[in-house]
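Which chain is which? They are A, B, C and D, in the order written, and residues in each are numbered from 1.
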Amino acid sequence: MSSGIRGQLTSKYGELVRGGLAELLGTGILVLFGCGSCTFGNKEMIALTFGLVIMCMATSLGHVSGCHLNPAVTLGLLLNGQVEWLNAIVYVIGQFVGAVVGAGILAAILDTDHLCPTGLNAMITPFAGIVIETILTFVLILVICNVCESNPTMAPLAIGLTVATGHLFAIELSGSSMNPARSFGPALIGNIWKDHYVYWVGPLIGGALAGLTHRFFFFNSKLSKRG
Amino acid sequence: MSSGIRGQLTSKYGELVRGGLAELLGTGILVLFGCGSCTFGNKEMIALTFGLVIMCMATSLGHVSGCHLNPAVTLGLLLNGQVEWLNAIVYVIGQFVGAVVGAGILAAILDTDHLCPTGLNAMITPFAGIVIETILTFVLILVICNVCESNPTMAPLAIGLTVATGHLFAIELSGSSMNPARSFGPALIGNIWKDHYVYWVGPLIGGALAGLTHRFFFFNSKLSKRG
Amino acid sequence: MSSGIRGQLTSKYGELVRGGLAELLGTGILVLFGCGSCTFGNKEMIALTFGLVIMCMATSLGHVSGCHLNPAVTLGLLLNGQVEWLNAIVYVIGQFVGAVVGAGILAAILDTDHLCPTGLNAMITPFAGIVIETILTFVLILVICNVCESNPTMAPLAIGLTVATGHLFAIELSGSSMNPARSFGPALIGNIWKDHYVYWVGPLIGGALAGLTHRFFFFNSKLSKRG
Amino acid sequence: MSSGIRGQLTSKYGELVRGGLAELLGTGILVLFGCGSCTFGNKEMIALTFGLVIMCMATSLGHVSGCHLNPAVTLGLLLNGQVEWLNAIVYVIGQFVGAVVGAGILAAILDTDHLCPTGLNAMITPFAGIVIETILTFVLILVICNVCESNPTMAPLAIGLTVATGHLFAIELSGSSMNPARSFGPALIGNIWKDHYVYWVGPLIGGALAGLTHRFFFFNSKLSKRG
């Protein structure tokens, strides 16, 4: 590769394109693997798949965009001062496009449109669902805000296992989405929109709360000082 | 944030408030996720949830208070010289309040009061239950005493997996509490007190033994010398 | 050991012999353990065995040859500039010999020739199978291309868990081979060749795509610059 | 603690006593937790318990004795030049005493003498059992020989997951002992000696082969040079 092309790709604009495509690719793989595991997997296997596939993508693409794969993560990191506005917009577009493409590939492979959409257990009200999704996402993004700077060696595994933990607790209650893009892809392809707003409201509130809580209260005073 | 507020929060008093609230938040999440996983999870999923949620909270809040989430841990670290008296008292208050709040949120979400209380298998006498809880907690706190200083990169995962290991061995025998606060929250909300003293006596003896054993016998001579 | 023998073993030729034998040993253990776990294990246990045995071998032999254990990995790293042609040829020979020996030992131990061959679910066409295997291997080798340089501490576990993740998603769909050698060993010993080409075409395309994608687009600009 | 007592404990003789007691304690916990998990656990839970309890003890006591917990490990490290004769003898005595004590405590708690002894599946001949145990232990000790020096951060988890991997593959075939002490404790307490020699012959051959193979062939030339 000529240094000219590498130079273009490592310019500010090039980094933005690389970042958006990394988010698209990563979120597509997340939806393909995670929702794909629902076809034959038990709840524990689904939990591990959703968690570990995030570990995979953070390990392979974390250096490009931070590998958020989730608009709630991007929002939380924006409010925590760890990502810029322009990047955030590009990443979120990539996440939604990727989630739809991932769900589309799964639909083609499996020849079905029932693609593991997120939904509420009969015992869970939409309000309770929002509370659960808010708390799940709050914990996830509180982990992300601290671990990426304080323990980068473990960050991909810690983040992945946090997603797995959320599923182990709540997969049968709220579907443990924590992620509007993950919920949007299968909803669009399968045209299943029941309680869909739960998976936007809860994760975005949880992500925003986590970013602000980490920034202004549980900040890590041993690391860089923002604000 | 003005540096004035940050300055207040990083003063000795501010650190105490932050620490107490971190223990409250972390123990609340521990009880919510761990006990919540009992509703639909099999024993293996419950073991992983209780273990990994501790990894999550230690990763996100360990820098604030050490993230004990457990009075037996605080006692063990007090005897090992890793925490001061005033902090210990504040943390333990936070832990019990957090456990009750976590159990209360779970009760509200699930609309039930059966919240995964700890209890003994019919084949286990209370004395055997105390022995099991003592040994489980002894191992947990022996891990904590050494790993936080000798291997901070791995500490949250190692501690979380130690809790999971205790559950994998003993969840069907003693309920594998290792933690008076984790047992207290569901007991209070559900008003279930059978054999409850087992989960105070065993963990506190185990925690104290581990702290003293590490300090005076199995100390890590390559690290800081207390005593 | 005289320094003469050690000197021979650490010469360029000696390193080649050591590397080829490491690949043979490692791939043999991979097939023996992974395919052996199919005899009594459920899908989750099989997924963990195939993943974690790669962690074991990368931990014990990674310093010798990189511990590819997979011709698709060797191809991907060749195109990413992380392995030389001569080494690649020797490693791939070692991988195929090792896979056959591992399957042969398993056949002798179990006194059966049904050795966990890879095959397609009835709902999966050969074309869809190739797509799945291509994507699985693309993700695996994208992880390997980045993690070995950027996070060597975690590399064996991250790579192993990536293989486990691929199995958790796709073991019931395509058999989640990701590896022509792993598929070849049991196929030869059991003489089962149905859809066998899927496990050469998919992994080799996926490996090549990953190596080129990492080299020319998702390269890690904080690390060494190839090209 | 007066520096006099600490001084005695850190003398050569004191380190020997500390090491022997660490091996006794660690092997007792290994047998108690591992064999205890068999009472109610499925095969996957047993595999994780035996693996992760070794991670626990290596994390908490590795700095004292290396935390072998297994005569085959001590033999392998002796042949690899990583432990001295006198220490090896003391450690092995501690391991056998600990295994018997651990099995005895379990027998008392459970009020039974059926304590998860290791045994062969009906389809496995004693010779095949020895082959399996030899290979399992060879892999385990090849991991230990390399990881303790090359990647100490990950060593406890990597070693524990290697033990879990051996169980996932072979628990239904040979019982996946890899450890004469682990097999001896339950055999003595339960007086069950069928095929017991398999668990001495296999692990000791595997351990010796691994130590010699690592020392003279698959040595890590980037690390210290023994021989």
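One rule holds in what follows: a contact is a pair of C-beta atoms (placed from the backbone, for glycine too) under 8 Å apart; a residue touches a chain by one contact, two chains touch by 3 or more.
Here the structure is a predicted model, which is why all the values come from computation and not from measurement.
K.L.:
Quote the value, from 0 to 180 degrees and to the nearest 5, of the angle by which the CA atoms of chain A must be rotated to coincide with those of chain C.
P.N.:
Rounded to 5 degrees, the superposing rotation is 90 degrees.
K.L.:
On a CA-centroid basis, which chain has its centre farthest from chain C's?
P.N.:
Centroid comparison gives B as the farthest chain from chain C.
K.L.:
Take the average of all CA coordinates in chain B, do the same for chain D, and state the distance between these two points in whole angstrom.
P.N.:
28
K.L.:
State, to the nearest whole Å, the distance from the C-alpha centre of chain A to the C-alpha centre of chain D.
P.N.:
40
K.L.:
Please list all residues of chain C that touch 2 or more other chains.
P.N.:
In chain C, residues 44, 153-154, 157 touch at least two other chains, as defined above.
K.L.:
Have a look at which chains touch which and call the overall pattern line, ring, star, complete or other.
P.N.:
ring
K.L.:
Who touches whom among the chains?
P.N.:
A-B, A-C, B-D, C-D
K.L.:
Please name which positions on chain D make contact with chain B in the complex.
P.N.:
Touch list, chain D to chain B: 1, 5-6, 9-10, 18, 21-22, 29, 32-34, 36-37, 39-42, 44-45, 48-49, 52-53, 55-57, 59-61, 63-64, 105, 108-111, 152-154, 156-157.
K.L.:
Hey, which residues of chain B end up touching chain D in the complex?
P.N.:
For this pair, the touching residues of chain B are 43-44, 47, 123-124, 128, 131-132, 135, 139, 142-143, 145-147, 150-151, 153-154, 157-158, 161-162, 164-166, 168-173, 214-222, 225, 227.
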